[in-house]
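After this come two complexes, each holding chain A, first together with chain B and then together with chain C.
Let's look at the complex of A and B:
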């Protein structure tokens, strides 16, 4: 195993070296740093050219310059990074990169996680309802998404989802029209009906229930002026926690397992009871100055641990499955508690002097000069992330859907699925326990490829949305004929790609016992 | 076709196969594929739309300097009519004010250039580049994949490591660098350059096909008969790998369209005075609030091109896939089940 890793590591290093060399030469041929001087009319043109050639050492062979660049870059291994500088502005590249890497990683991570969760879910449902109307619609949708130019969608999203939505919020009464409400309800009802399937009566029931609930929800949102002043509140938290408890139990063990259901319901009740105390906890944390992501994540882990304990205490035929159900329920419940507190700051965020009632941002990663506590800052990041992430998700959602659907179909035709069915297991157990896990396995091999695609997509999204990320840095520097930032980008992307592939191999080897590492 | 010596468990399978075989009896491989392809509704609609679009784009404003039947050309500023608004109006039953094309159906931009002519020129560029990229990428991909898969060993190792190198970066990054290099010199060079970096996935798939096909008996037979390596590859292996090649080249083509428009949008692809759909969008995006049609038309045509090519690819994949059978609709299934039940009930 160790030999394998060392070998892989050396190989990866070699790949990074060779690819940077190739790209250095290519970029050097592609750009023309003397571009502005060639058309210059100044009398001392020759002298200017000579000076710039000397400054950028253009008279030396490209290999010498590459080795020099490499020496600087290899300094990063022991903390003395020198990736050159932008000769036009005299800024060192390391300073430019600092925030840019974080920005891009934030964007790509959010998009990847969302795309995997949504894509895998839709893909599996689509596979289970193969050749149904739902399946065909999803297939068509994924073809459409494959064919969408990202930048075009991004500009549209800016206009419709940001500018028009902000206008909508700015109106005196931000309520949806009746036609929209009815159309949305019918649409949601039809989608859920098609996804769940079943006999005709059952489908009608599902349609009625889904459309009815959506209708009531939308009317409630309209009546409480929710869009202008969003909040969750204890009533909705309590109701939907119970709902989550049932959903998670159905997915994880089935309602037959009473102990699991009781553990999930206990967790839901705990969440509702803790709502008020949690507000005091946040208050205290803020005054104590420890409010921040570490605390939030820490509390999240504590919540999961407590849920596991609750499940374990309920016991039942299988303590493990009770604990699992409780933990699964704790995830959405604790997230709702967090979002509820976040939305309580919405009003003050919206009225903030830097926002002025136009919350959905179209430009940049954060609002400059925004004053506010942790909640305000988090809301700010979220409102900035929403559009670029949504456009990036569109790219990879289709890939994940198609891929999961194909692999799920393949798994469902395996002999062990037939065996599981003939043992008399419920369809839920067959799908969730036997098929689902194995269908997700091949995803491990396309995630790295997809991350590389997303980083590429980020070049466009960052340009459209004005994020100062790595992709924008790359595009802008390439257009300005500056080689050092371009090479820094290429180096980082190369390392990320190699790492992603490496991690994927590792995950695959751990997940799939059939894979044996040949040292 | 059913053999009496079959074990009892497989008779049903054999019957099913017999029906399948009877329907394709006496047809060549090509005919079967063609039949299956034309049975795929999405693919046929896609093909018809794409061909229609190509005819429209190439004849309306002409190509290679020859004039077309449309009265304006993409580059000349014209006097503004109708306040640059599109003169195209929908027929009455669609909520328009009676069908009319008018002088500038897609409108004009701020200096009066005809958007229909520009969109058609952009469509031409996109289709040309798509064809160029897919031809170049298919050629390189087939050669690399064939050599790697057929000779294995050192050649395979070297070629596949080369492929890995190309796959390290997002294609848009390599494309941007090459586009910066070649974009200014026109469609031809940009297409060649992008084709030269689009082949790796195809090469990998072709290599996989070659690795399995080279172990088959007919290859041994050809070798015993004295065929050279080149002949074996050309006459025996490539025809068998054609399905994979054609399907993936089509999928590559739709990605190529999007790659070109994205690069042109970023400014690394086609540059003016040449017209590209992506470049139009980048040029006109700031005018969205005042002249939204400048933005809608090019985007719409990009989607139509990419979508039709994707559907054609899907149809081809189904057509070449021997496991793919015609799926009976739910109603047909239910009917078949009832038919089966009622005679069974009477006999037993």
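Let's look at the complex of A and C:
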């Protein structure tokens, strides 16, 4: 193991070293730092050129400059990072990187998580209904989305999800037409019917129930003017908490494990009961000035801990699975409580002078000059994240769907699945316990690499939506003929890529006992 | 077991009961979110973020900085929408008191102050003289040690180096005399200089430079120390001053030190978020004319013009002036309530014929026969489809676009019409392949003539220009060889091409810069043109300060240029000022810098 580790580390170092050298030379050939001066009509152009040549040491060989850069960069190993600076703005690259990395992480985190969860879920359902209408539709859809260019999706998203949606909100009555309501209900009914499958009668039942519920929900949203003034409210929180309790129990242990079910239901009830007190807690936190993400995340952790406690208290044949079910239920329930409070500030956000009734934004990370507390600012971040997140999810979700579908299909044909079935285990146990976990194994090697690619590669998304992250830093510096930020980008992405592959290998070995890391 | 089950059901019931009683939820409202006093505000779209408050250094001199400085900084002069230089007498006065030697007296009005309350006075002017004239530099450009890692100018301790240059102030080698009231100074030029009006700049507060560089707390004391240092050429004090002047004002987000973002003009910087936006608010202490008409301006940065158009439609941006293409213009036209003002900007496209590379336009190719080479050049220019290029590529964006016919003056600025009427370009008003053929025939040159044409790769408009030129010139007897090149900028003047088209940019109506393009051996003279008469006229022009005399000389220069057929201008780059007319009116974008930002004192937010 140690030998493997050291060997890999050395190899990785070499890869990074060679790639930086290669890139330094290539970038140096590609850019022309004197570009703007060449077409300058300034009478002292020659002097300006001489000055810049001296400043950037363009008269020295590229390898000498590379070695100098490398000396500064290797300082990072012992805490004296010097990655050079942007000669146009005189900013040290290390300062540039900080902001850019944060921006990119903010941009891609939600999108990555959503894409993985959604993609894995849809892929597995698709595999379980292999060669059904649902499977074919998903296959078609995922290939379609996969092949869409980002900038095009982004422009469309801006037109439909931002400009038109804001216009819709700005109307006197923001309600969906009847035709839309019916079409959406039928569509949802059909999708859920196809996904669940079963006999003809069962399909009809599922279709009726799903379409009916959607119809009622949409009519309810229309009647309460929900789109202009969205809220969740205690009724929906209570009802859906119970729903989540059942869903999580089914996925986690099956309804037969009554203790687990009761744990989940207790958590759901606790959520509903805590709704009102929590509103006071938020208010108190705001006046005490401690309202912020640390508090929110802290409370979330507390909620999960409490849920685990509830599970242990219920006990049952397996305390662990009760606790797990309770924690799984606590995640959506506490999120709903948070979102409910967030949406209570929606009206105030929407009427803010900086928003002027057009909440969904097409550019930037935040609305300039927006005055407001934590809730207003959080809503603002959310309205700016909606479009880029939707765009990134639409495009990257397809890959995960294909991967999970393929690996799920492979797993479902394994001998041990047949064995599990012949033992008389329920289909739920077979799918969730024996197949699902093994089907996720390949993802372990894809996800780390994908995350790195996202950090380095959302150039187009960042440009179109006006976020200045890593991708833009790279592209803009290249366009401005500034080499140092470009090299820092290459260095970081290179290190992360090597690291990601390394992590993927290790994770794989940890998850799958059949694989041994050998030197 | 049973008890626990009952407990569970009980919990559910209890929670449902809570729902029934949940009426007294605390109010979510947290005040009016700043809606109480409705200040007027505008969001402006721009492509590149601000990066230096000192727009006079060689690195900081960029449109991205200068346009914002235009909102914050008053100067003695400004260029109006028509391209005339105007004195801003509400800031100060300047006057030419003698022609020989050229002597100019500057005086700042007494009520002008920086936004920290310190008056603007002679110290600010003297600092710029010290920087721009280079008279106080103790090292030359070549000897400046550069920071090994960053490459930034890094003069050794006790060395003075201001990283800038001003062609005019370099002629003022004598220390300017300060006026007795300390509000102004007098520049005495060693030789006459046509563009002397553009020489004075008040970009950075002298007291801040001296306070930070010399570690002095009192502004008045600091100013005196600065004046003493410059007057006595005190290198020990000037070294840190020059260093601070070079890079102390470089920042890309709101600086902690308020002194680095002072204003002596209409707006003060209040918020600056890196790469996202900058908010400027009306400067309440500003006493001059052309003050803020809108309470709050926010400049938002986005380099994608289409994204800006969509942001305009979504109400996030109220006005913008992107680098406009046909796509952007079409997209903008479809936005409701949009007002588009098309016009021209300071850059102009032109074609150069190379006279010294042994190619088809070089007399050497015909055994030194000037006449033949001239005829070939004239034929090439006569067949150049300039009208078609403008019609097909520029008019879709700017319907009023016309072929530019002057080498020296920008379309729509004073003197342009006068020059065009006399410079002889009417000869090339129509594309005339017959005349071209005839010229070639008379000259006795074998056709087709191969011409290597270089232009910027990855530029659609230039690629299209070439596509239009190729067939038109083939008809006249020229075989154009496509020489598009991504490195065209560094290949300029290397003789590997026979003709090239690209843009020259002008930011002020100053007249002295053109000599570098057309004068013998000029640094921007990329086609080997040399004409003694032109050189002589330029020498005169640089010394001529009277506008009408300047135009007269320029007419003579252009007549020579056209006669020698060294090239032609093609078009002025189109610009479009795109705004939401329900949010802002009273716009008056200018052709030259600061384009969109010109006339901000007349902007209005419509009622309703």
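In this text, the second predicted complex is superposed on the first by the 496 of 519 C-alpha atoms of A that agree within 3 Å, B and C clash if a C-alpha of one lies under 4 Å from a C-alpha of the other, contacts with A are read in each partner's own complex, and residues count from 1 in each chain.
We adopt the following convention: a contact is a pair of C-beta atoms (placed from the backbone, for glycine too) under 8 Å apart; a residue touches a chain by one contact, two chains touch by 3 or more.
None of these values were measured; they are calculated from a predicted model.
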- [ ] Would you mind checking whether chain B and chain C clash or fit side by side on chain A after the superposition?
- [x] clash
- [ ] Once the structures are superposed on A, label A:463 by its partner contacts, choosing first (chain B), second (chain C), both or neither.
- [x] both
Task: chain B versus chain C as contact partner of A:137, first or second or both or neither - done: neither
Task: First (chain B), second (chain C), both or neither touched by A:276 - done: second
TODO: Report for A:90: first if it touches chain B alone, second if chain C alone, otherwise both or neither.
DONE: second
- [ ] Compare chain B and chain C by how many residues of chain A each one touches, and report the one with more.
- [x] C
Open item on the list: On the A-aligned overlay, A:159 touches which partner chain: chain B = first, chain C = second, or both, or neither?
Closed with: both
Task: chain B versus chain C as contact partner of A:351, first or second or both or neither - done: second
Task: Which of chain B and chain C A:372 touches, first, second, both or neither - done: second
Open item on the list: Output check: A:50 vs chain B and chain C. Expected answer is one of first, second, both, neither. What do you get?
Closed with: second
Open item on the list: Can you tell me which of the listed chain C stretches (95-103, 365-373, 419-427 or 455-463) runs into chain B once everything is aligned on A?
Closed with: 455-463
Task: Set intersection of chain A contacts, chain C complex versus chain B complex - done: 155, 159, 463
TODO: Write out the stretch or stretches of chain C touching chain A in their complex.
DONE: 4-5, 8, 11-12, 14-16, 18-19, 22, 24-26, 28-30, 32-35, 38, 41, 43, 51-52, 58-59, 62, 141-142, 144, 146, 148-153, 163, 165, 167, 247, 250, 252, 271, 273-277, 279, 296, 298, 300-304, 306-308, 310-311, 313-317, 487, 489-490, 492, 502-506, 512-517, 523-524
Task: Parts of chain B lying in touch with chain A, wherever the complex brings them together - done: 161, 164-165, 167-174, 176-178, 180-181, 254, 258, 261-262, 265-268, 278, 281-282, 285, 288-289, 295, 299, 302-303, 306-307, 310-311, 314, 327
Task: For the chain A and chain B complex, residues of the former touching the latter - done: 15-16, 18-19, 22-23, 26-27, 29-31, 131, 143-144, 146-152, 155-156, 159, 449, 452-453, 455-457, 459-460, 463, 474-475, 478-479, 486, 489-490, 493-494, 497-498
Open item on the list: Under the definition above, what is the set of chain A residues touching chain C in their complex?
Closed with: 32, 34-35, 38-48, 50-52, 54-57, 68, 72, 82, 84-85, 87-92, 99, 155, 158-159, 162-163, 166, 234-235, 238, 242, 258, 262, 265-266, 268-270, 272-273, 275-276, 279-280, 283, 286, 314, 341, 344-345, 348-349, 351-354, 356, 358, 360-373, 375-376, 463-466, 468, 472, 476, 484
